[in-house]
Structure formats: structure tokens, C-alpha cells
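For reference, the structure discussed in these notes is given below.
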Amino acid sequence: MSEPPALEIARRCVATMWAADRASVAMGMRLVAVGVGRAEVAMVVTETMVNGWGRCHGGYLASLADTAFAAACNTYDEVTVAAGFDISFVVACVVGDELTARATERVRRGRTGIYDVRITRTDGDGGDEVVAEMRGRSHSLGQPILEGG
Amino acid sequence: MSEPPALEIARRCVATMWAADRASVAMGMRLVAVGVGRAEVAMVVTETMVNGWGRCHGGYLASLADTAFAAACNTYDEVTVAAGFDISFVVACVVGDELTARATERVRRGRTGIYDVRITRTDGDGGDEVVAEMRGRSHSLGQPILEGG
Amino acid sequence: MSEPPALEIARRCVATMWAADRASVAMGMRLVAVGVGRAEVAMVVTETMVNGWGRCHGGYLASLADTAFAAACNTYDEVTVAAGFDISFVVACVVGDELTARATERVRRGRTGIYDVRITRTDGDGGDEVVAEMRGRSHSLGQPILEGG
Amino acid sequence: MSEPPALEIARRCVATMWAADRASVAMGMRLVAVGVGRAEVAMVVTETMVNGWGRCHGGYLASLADTAFAAACNTYDEVTVAAGFDISFVVACVVGDELTARATERVRRGRTGIYDVRITRTDGDGGDEVVAEMRGRSHSLGQPILEGG
């Protein structure tokens, strides 16, 4: 009748984190899906996200990827933070672009992990185009996310 | 009587870019200083910048660093964009922290360049503490920023 | 009767590159497999690859990953070089470890591409353990690898 | 009459590490200078270091940078290993190039640190040209390098 426990824990952990994540909500992000070591987050590029060259500011792309990364690495009931990340920009984005960041786990060992996040945008034909590729390095603080009981 | 031409060009280029940079202004950033291949940008962490763990969202730190990087690499009258960057987080930031990002050029060759950006916060004793270290990879589009004349 | 042309081209390109790659051969690397945008290279850690702490020097792990990356991104009949890469070390390796680097393409657009390389070692039970994760950034020089005809 | 204790400790630590570093010695590296959080290592590109395009294999450049990084971060009498690094290649190197890697510390906090390594080659006019820029992420194991007494 029920979900696998690991998946249920993953969802409860990310729900807890998301409820307090004012930054991601303020940027208009939506949590689309969560799995064990995985997450998907969507965002639309708005007029206040544009840099001096009329493109979406790289910081907003990094923010979207970072949020998906945070969700993916916080699915094991351990408070986990970003130690750092690398992002490569593939194509420029503009106002109105509908972006999706999909984070997947590459490896997790001890208190550290590596997660890949691909940002795509929906193109006119219902397909997806890669916008940026981010790789995050996580560090667990060793504290539970969920309350006992 | 006048500034060195290279410095004057640098300032005019960044002023042009900054005037159109809605994203950086909307995040409350202030352009503090510009030099040839250098820039300094400041930002205060506000309540809407906080993630699910009560810390400043890494995306805002990345945004601050990215803006300083963009200013530094656009000081040569060539429209230059970020190809990507790597950021490492050193300490967590909280609401009210006064942050400064200082971007300096490491190398520039042909259409590519590498810039280092250190983010510090002012501590209680008037000193600076390193918050994050970012390294940006730039790519020039080969177009002038300033209008002729 | 024949291979798909793209795969045949991939193999001929990598064979051409490999025949001149004195460095990879001198380090004892073996080219195990090639596909379009993919490659697999193996190496055993020898006694002269050990650093001051008795571990395999990170430079040799980086070399192995870099060779697999080079093979993967040179499968399209365009001379392609590394613009740079990031590598994270997951576990330490010692003399005798049998390592395999598998490179896969994440995205390729214009003259640039991003490739992921995972290094694993065979553990005692016939399984694989992740040793390092590398991400390479490629740049095509726009010259053919194969001679016409 | 004597060196500052921190510098003396730095030199003894690196001498201890270097004496066991078979990999760096086998690649022909020379330890040129050591300071607290700093190191300089030199290497000449030989014929067995060349890749399939007649250039110095990126793995050897990474190895040189990694050795300088290892020396710089092991100057505090704590066994410290590389968690990872990012390297960007600026110009291609060929056989005979005389390379120098200079590692400097950007930040060190708790058990982690960030070090920048610039590789240069001597040009014909006695000047230096930047060949690659590497940034290393260090992790201390919390064990002393030097024996007590």
C-alpha cells in the first residue's frame, strides 16, 4: 500500500527543506519531482533576471541548479550543504524561457557526494535544449533533517 | 589632467553594462570600484535570500561573484560573457551579512580569460573574513561595448 | 555488413590519435573501447606512480581521465583539445589497483563540449568502486583528423 | 640566527613528503622553493610526455600542478591530500618547454583549503608565459607529518 521507505523519507526531507527555502520560492522556482538522490526544479526567466547583455544572469541559472542539487543531496535525512560547484553555460537564455533543472547523484561516500545538474529549456517543438551543466560537491553535516517519531 | 585611457574605457564599459543589468540591481548589488580587469561589488544578505537551512542560498553568493566577474572581464570594450565558473563555499552567511566580491584577472589570451573572485564579509572588528572563492572562465564575443564617437 | 559510418569514423579517429600518443602508452594505458562520443581506457597503478603518502599521485588519475576524455571528444573527425577539466578524488588508490576510466559525452554544441569521466577500480568481488569523477571541457580546432580518400 | 619556526616546519614537512614521492621524481620534477603555504616545482617536457597531437599531455601539466599544490598544502605539519582540482589550459606546450608551477594559498579554514597554481614556461626573452591555471581543494587528515622530538 505504501511507497518504498527510502522514497518516502526523501520526499519528507525535501518537503521540510523546501518549506523554509525562502530564496528558491522568491525566485519563482517550483519543486517538480523528488527521488532518492534526485530532484527536478523548474523556473521561468523573468524581466528582473536579465543582465547587462539582455541574457538571463548566470547567477539565476546557478541558483536554479543549486536548488535542484540541494534537494537531491538532502534526500537521506542528513542535513547536507554545498561545498561548491562548477557550472558551464551552453546557450544564453532570455525572458520567458521555461527552464528545468534535473539533479542526479553520481557518487556518495562518507560525508561527501557529487551531483550532476542539467538545465534544459523547452523549445518550440516540445523538445529540450541543454542550457547549462552544473556539478555540485556536497558535504553532510551529520544531523538528521526529520524529527524523530 | 586625465585618467589613463585604459581605465577610462574600463569605467565607461562597466557603466554601460551596469545600466542595463536589472538582475544585479534587483538583488541589491552596488558597484563599488572598477579597474582594468578588476571590479568590486557589494551586497547585503536579505531575508528573501535564505535557503532551507537558514543560510544565504549559494545561488546568491554565486550571483554576487558572477556580477563582479562580469564587470572585471568587460573592461576592454569587448562584450564578454561567462563560459562557466567554479565556486567553493568557505563559511555560511546569514541575514544581514555585508558581502563584498573582488574580481581580479589571472590571465587573458585571445578570446578567453580567467578571473578570480573572492567574497568576504565584514566581521565585527572591521576585518574581513573569506566567505567564498570563485573562478570564472570568460569568452569574448568580439563585439565593441562602447559606441564609436 | 558494415558498422554504422559514425562508429567507424569514431574508431579510425581514435586509432589515429592513439598511434601518436606516446604519453598515454608510456603510462601503461590500454584503449579498451571506443564509441561515438565515448571511450574506455584502463591502467594499472605501478610503483613509480606513488606520491609522498603512499597513494597513487593525483596527476596519474588525472592523466588517465584526460586520455579517456581526449578519446571520447575526438570521435567526430575534428581535432579537439582539452580547454580544461575538474576532477574530484573519492578514494585513494594504491600500487596494483586496476583502474578503468569511462568517458561519456554530456553535451556538444558548436566547437565546445562537456564530457564526464568516471574512474573505477575492480574490487575483490568483481565489482567496481568509484575512485574519481572528472568533467572535461573540450574545444574543437576545426581541423579534420582523418586524411581524405 | 635561525629561520622563523613556521618556515622551518614547512621545509621539513615538504622534505619528508618529497623523499617518498616517487611519482614526481620519476616525472623529472625538481622542488625549487618552499614557503608557508607556498611551493614552486619545475619540470621539462620530454618526448614521452607528448599526446596524439604533438602537445604535452594535459595529464603531465596536471601532475606538475598537483605536485606543487601538494607541497604548498603540506607545510603545516598535517598530512593533507587533494580533494580535487580544476585546471584550465591556456597555451599548448611542446617537447623541451621548461615549466614552473607556483602554488599559493588562497584560504585555509578547518580541515579544508584552496590553493592556486600557475604554470608558466620560460620564453625566449627570459620572460614567463602562462601555460595553465589550476585551483586545488585540499583536505587535511589531521595527522602530523613530522615525528615528535
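For the reader, a short list of remarks on this structure follows.
Should a chain be cited, it is by its letter among A, B, C and D, assigned in written order, with residues numbered from 1 in that chain.
The criterion applied here is as follows: a residue touches a chain if its C-beta (ideal position, glycine included) is under 8 Å from a C-beta of that chain, and two chains touch if they have at least 3 such contacts.
Here the structure is a predicted model, which means the values were calculated and not measured.
The greatest centre-to-centre gap from subunit B, using C-alpha centroids, is found for C. Averaging Cα coordinates per chain places subunit B and subunit D 29 Å apart. Taking the mean of the C-alpha atoms as each chain's centre, subunit A and subunit B sit 23 Å apart. Annotation: 35 Å between the Cα-based centres of subunit B and subunit C.
For subunit C, the set of residues touching two or more other chains reads 83-84, 86, 88, 112, 137.
In terms of inter-chain touching, the protein chains here all touch one another pairwise.
Residues 16-24, 26-27, 47-60, 62-67, 70, 74, 79, 81-89, 92 of subunit B are the ones touching subunit A in the complex. For subunit D in complex with subunit A, the touching residues are 83-84, 86, 112, 137. Within the complex, the subunit C residues that touch subunit A are 86, 88, 90-91, 106-107, 109, 112, 114, 116, 118, 130, 133, 135, 137.
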